[in-house]
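Across the two complexes that follow, chain A remains constant while its partner is chain B and subsequently chain C.
Here is the complex of A and B:
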């Protein structure tokens, strides 16, 4: 017997438009379901991606290298030597987009009116520019010109709290490498603004060479920070760097900042829950209607068999019909997703609700992130669900010919 | 050689507590090339017998041989293949595929049998013309009268030249003129191609065309009349 594929497809296609209202409703359900999965996932991914990138930008980097005890006690005694030739080679590999070394110690900053605890950060501004927010966030004065530039750069909010401003002097107090309290005056040469107030309050940036001199630490540094091309895929790089610096702690951003690191897992959980919600909604609509559509035509499907069609082709007939419907729905759903994501590709401004978002550690502009695997998953969920929903009643239809209905009117 | 052969054929339907003996111990041989008409009151078992012969329903007990093959133990897929290859079926209600036009309904079976596109189109049009449906080939069943639909069903049953045609009251919805045309077509096929016909009817006109008449009552053969 020849597979009457074309004939089956013709019948399937015409059957779909026989009850066009139901077909349109199913198309709507499928496309909205797929759209909802893709769109929401893209927004959620965008949100989390934003949060993580914000943290990475906030002196976190992708990978940090420090003395093994530094994380427990981030003080000057746990400093490291600047990278030797082997580690430098390793850091200069093409996979690493940028790296820098920093001083990072607790300090007290005082104006003539107020004092506050901050983190004193000694940077090499040229190298730092590729790694963190500072160079793009200066709103008054200028960034530090070099590692031995004389001034200090602080956040706008910190200046406000200290009741000081650009051009004024402040004093930084910390402990040097001999545990002696040292202090030194710096002129404020730059003010930065950050997405988050906490960032503006947290740091005082000075030149790295100046910091080393001030803290009597020769050419030692607190940490080395680097970024590669993808923050999600660091295992290999971590191992390679660790091999060239066996005595140091080499860890990824999500270990340094487990809270932000957990966001990835939390988001995957959210996405899963969302997919289950859409899946359930679809199940009620799609599964019922598809099953009904097959059930209603039990007699016709039986007739095909009575005319000599193999039971297997009855399944094929139903399958073709559902697949056409599903593909049309998926096409519309993906198109809808594309249409709703393209206009907000360059970010949607959420500043109206921005205050709340900032508290959650996010910036107020949201960029959707579309991942191929999310699209594939959304489509797969619908296809599998749809085929199962129509195949099960079709199997029953193929197994039982309603003889009475066909031969006894 | 027999085209159809039944031995001690029984079919019992269970209706709640009640057992309905739709066929009881039917022994029947139909020669290849025969032209047989089943008649008898409503509920006598005509449709049940035709369904058994066509392999649409399985007997409660007994043996059936059709086209040289025992079909009472056959699997569903084998039965479907047998129907496709050897049988043409006209049902008591016309049972057309609603989304296909008259011509497509007729071509459908021919296509499943592997007939080429040109040939089956030609055949379908010829046969539809023979049953008097010229000009209506592209109408869907819903756009045809009951009698016209019945004729499409007949055309579908004979398009591929089956060895055996089973027709359950094929003229029930036809006016006598059309019924006569149809019967003449059957007789012609029977004589030219030795197609075996087993019909059921309440209509005397049809019985006149048959060479053998079998009367059923309460699931038993009560008369077997040779009309040749």
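Here is the complex of A and C:
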């Protein structure tokens, strides 16, 4: 027997265009819905992605290794020995893209006019370049040349607050490993600009060796930070490193910064809820349109059945009608989404509400992120739930009793 | 009246269609009422918590201090001015503050810390911090060499109640400011910036240590609510009009991030609401258009009988209006029920706690049940419904009675 699929499809297609206004309105509704799903998702993703990357770049890294008490009490007392041979081997594995060790202790920075609290960060600039923002953010002067380079690099906003500038001297005061307060003058050799003002105010960067010497801490460090190739799946890596450094705390970025960490899960949940809400708002229209289409064809469907068409084929025909409608709507919606995302690929400037975004930890230029899985999810939800929703009118159409349907007007 | 009855009956000629369209409206209305209620409740909380915690509704500062908060940008006779403001606006919640920075050292640790000089007697009226002391007590009004510190700071620097802290900073004239204070209280506000980095001492001690004379940096004024603050604002502006070196700042200027965060949240939310409203609009458009098209014959007859196209158009508009009003009331009612449930039980989802902490919010939200929260969303949907009905209603004007009667 020849498959009636082609025939049914032809009938379904023609049925759709018998009332083109209705079909067009429904198509418009579906495409607006799909567009809104994808567009919103891309912006949300962009926001979260940027936030996470920004935080990771902001001296967070993917995994941090500290003394167990360091996070609760980030002081020089809780420093660790530099990585031994075993840990070094473990850190040099190919899965890890880069790692570095840092000094990170609270300090006070003073110019002739003002004082502020900062975090004194001792870095090895060569290794740090792959891990954090500093090397790309210098706007005046230059970055530290090496781990024992003299001088200090501070943020633009901090320099402004201290009423100082490039080339001037500032004094850093902190506590050394014997709990004595020590101070030393450093010349400002570089000024950086960051996306967030809080970052510009937070840090004073000096060479790691200089910091160790200043704070009398031999070759100890405060933390080891590393990045792998993906910030999502770190469990395995965490366990491996923990095994080689049993006495240290090895934790991932989302534990160090739970606010940013929670964003990922919150966004995923939010995106799914958004897609489903939009779909539900759509589905009322979809069911209505199909129900109307079936209702006004009651006689005709009865006649077909009387002529011997199986109820299953009628069901199939209505479903095909719905699938064509959904597919066309999806096509238009995806196209619309693509057309609206391409022009803003280079970022939308939201600096009008910049400080509000900064409060949430976001920068003011937003780059949409289109992920295949998000698009697939939106399309899948629409087509699967769409077919489910149209089963209702389709089943009704197939259940008409032929004689009743023909005789009643 | 007859038109109204006609419209009502027309609606129920095809109950399933009407109910489905109504369903779309009720669904969207419920969501809108809930979301808007949640948002409004959240904004209120955000503003109130932030303002009450620390910044107050209004502040008087030396001109330029807000842009560059520096020790030397102070103003004179601060406590007297605070008293004048108190008398003038007949409100006790006015308190002067001075801000500085010092290196604090305990026996074993040293940390930089923000030092705030406050008037112990009135500070509790402008800030919730004094009420959040979890150990010891707040500063007493006797101007002793005492201090209260944040909980994280106390833990990091390893001090307890009764321990001494040495403070070293620089005074207004550039001289070295040094003193020893006894910690009498530890507060836990849940705002990490304050808990980590704030020390409060009596204003008189501060003025003495930082060579400030009788100067201060801010006079903080707290009002019962935002509306009351507006009234107080104009009174104070009048009072300080003869002091060109003083500026009165409102909460938006004091917390620019907060205002913008609310705007950002509000505009992204309205994009989502807009999409839902448009989708309902399409749904209504389709329904009304179909119902008009299938009644072409009927309309032809009533037109031939002498009914004007305008009145027939009105019937169609009335149908939408009735449907819209039904959607409005049912949606607002279900939304109100949902909001009331959560207003009592609180609404939360995973990750909210971390996000909440960032904006001075608790982990649970209580949506607002107010007239505006209940009617804003459904009102927008009602308008969209009426707009969507215009096109089908206008089509009737173009009908030719004879041709229409022949239509299938």
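Following the convention adopted for this analysis, the second predicted complex is superposed on the first by the 394 of 409 C-alpha atoms of A that agree within 3 Å, B and C clash if a C-alpha of one lies under 4 Å from a C-alpha of the other, contacts with A are read in each partner's own complex, and residues count from 1 in each chain.
Operating definition for what follows: a contact is a pair of C-beta atoms (placed from the backbone, for glycine too) under 8 Å apart; a residue touches a chain by one contact, two chains touch by 3 or more.
In this text the structure is predicted, and so the values were computed from the model without any measurement.
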Joint occupancy of chain A by chain B and chain C, clash or fit: fit
Chain B versus chain C as contact partner of A:174, first or second or both or neither: second
Contacts of A:347 with chain B and chain C, given as first, second, both or neither: neither
Touching partner for A:115 - first (chain B), second (chain C), both, neither: second
Partner chain(s) touched by A:14 [first = chain B, second = chain C, both, neither]: first
Touching partner for A:291 - first (chain B), second (chain C), both, neither: second
Which partner, chain B or chain C, touches more chain A residues: C
Lowest inter-chain C-alpha distance for chain C and chain B in the superposed arrangement, angstrom: 10
Intersection of the chain A residues that touch chain B with those that touch chain C: none
Residue ranges of chain A in contact with chain B within the complex: 1-2, 4, 7, 10-11, 14-15, 18, 300, 303-312, 399, 401, 403, 406-409
Of all residues in chain C, those that touch chain A in their complex: 14, 16-17, 20-21, 23-24, 27-28, 31, 68, 70-71, 101-103, 105, 108-114, 155-156, 169-170, 174, 197, 256-265, 267-268, 271-272, 275-276, 278-280, 282-283, 285-287, 289-290, 293-294, 349-355, 357-359
Of chain B, residues touching chain A in the complex: 47, 50-51, 54, 56-57, 76-77, 80-81, 83-85, 87, 89, 91-93, 95, 97-100, 104, 107-109, 111-114, 156, 168
Residues of chain A touching chain C in the complex: 19, 21-22, 25-26, 28-29, 32-33, 36, 40, 43, 72-75, 106-108, 110, 112-118, 161, 163, 173-175, 179, 181, 258-259, 261-263, 265-266, 269, 274, 277-278, 280-282, 284-285, 287-289, 291-292, 295-296, 350, 352-361
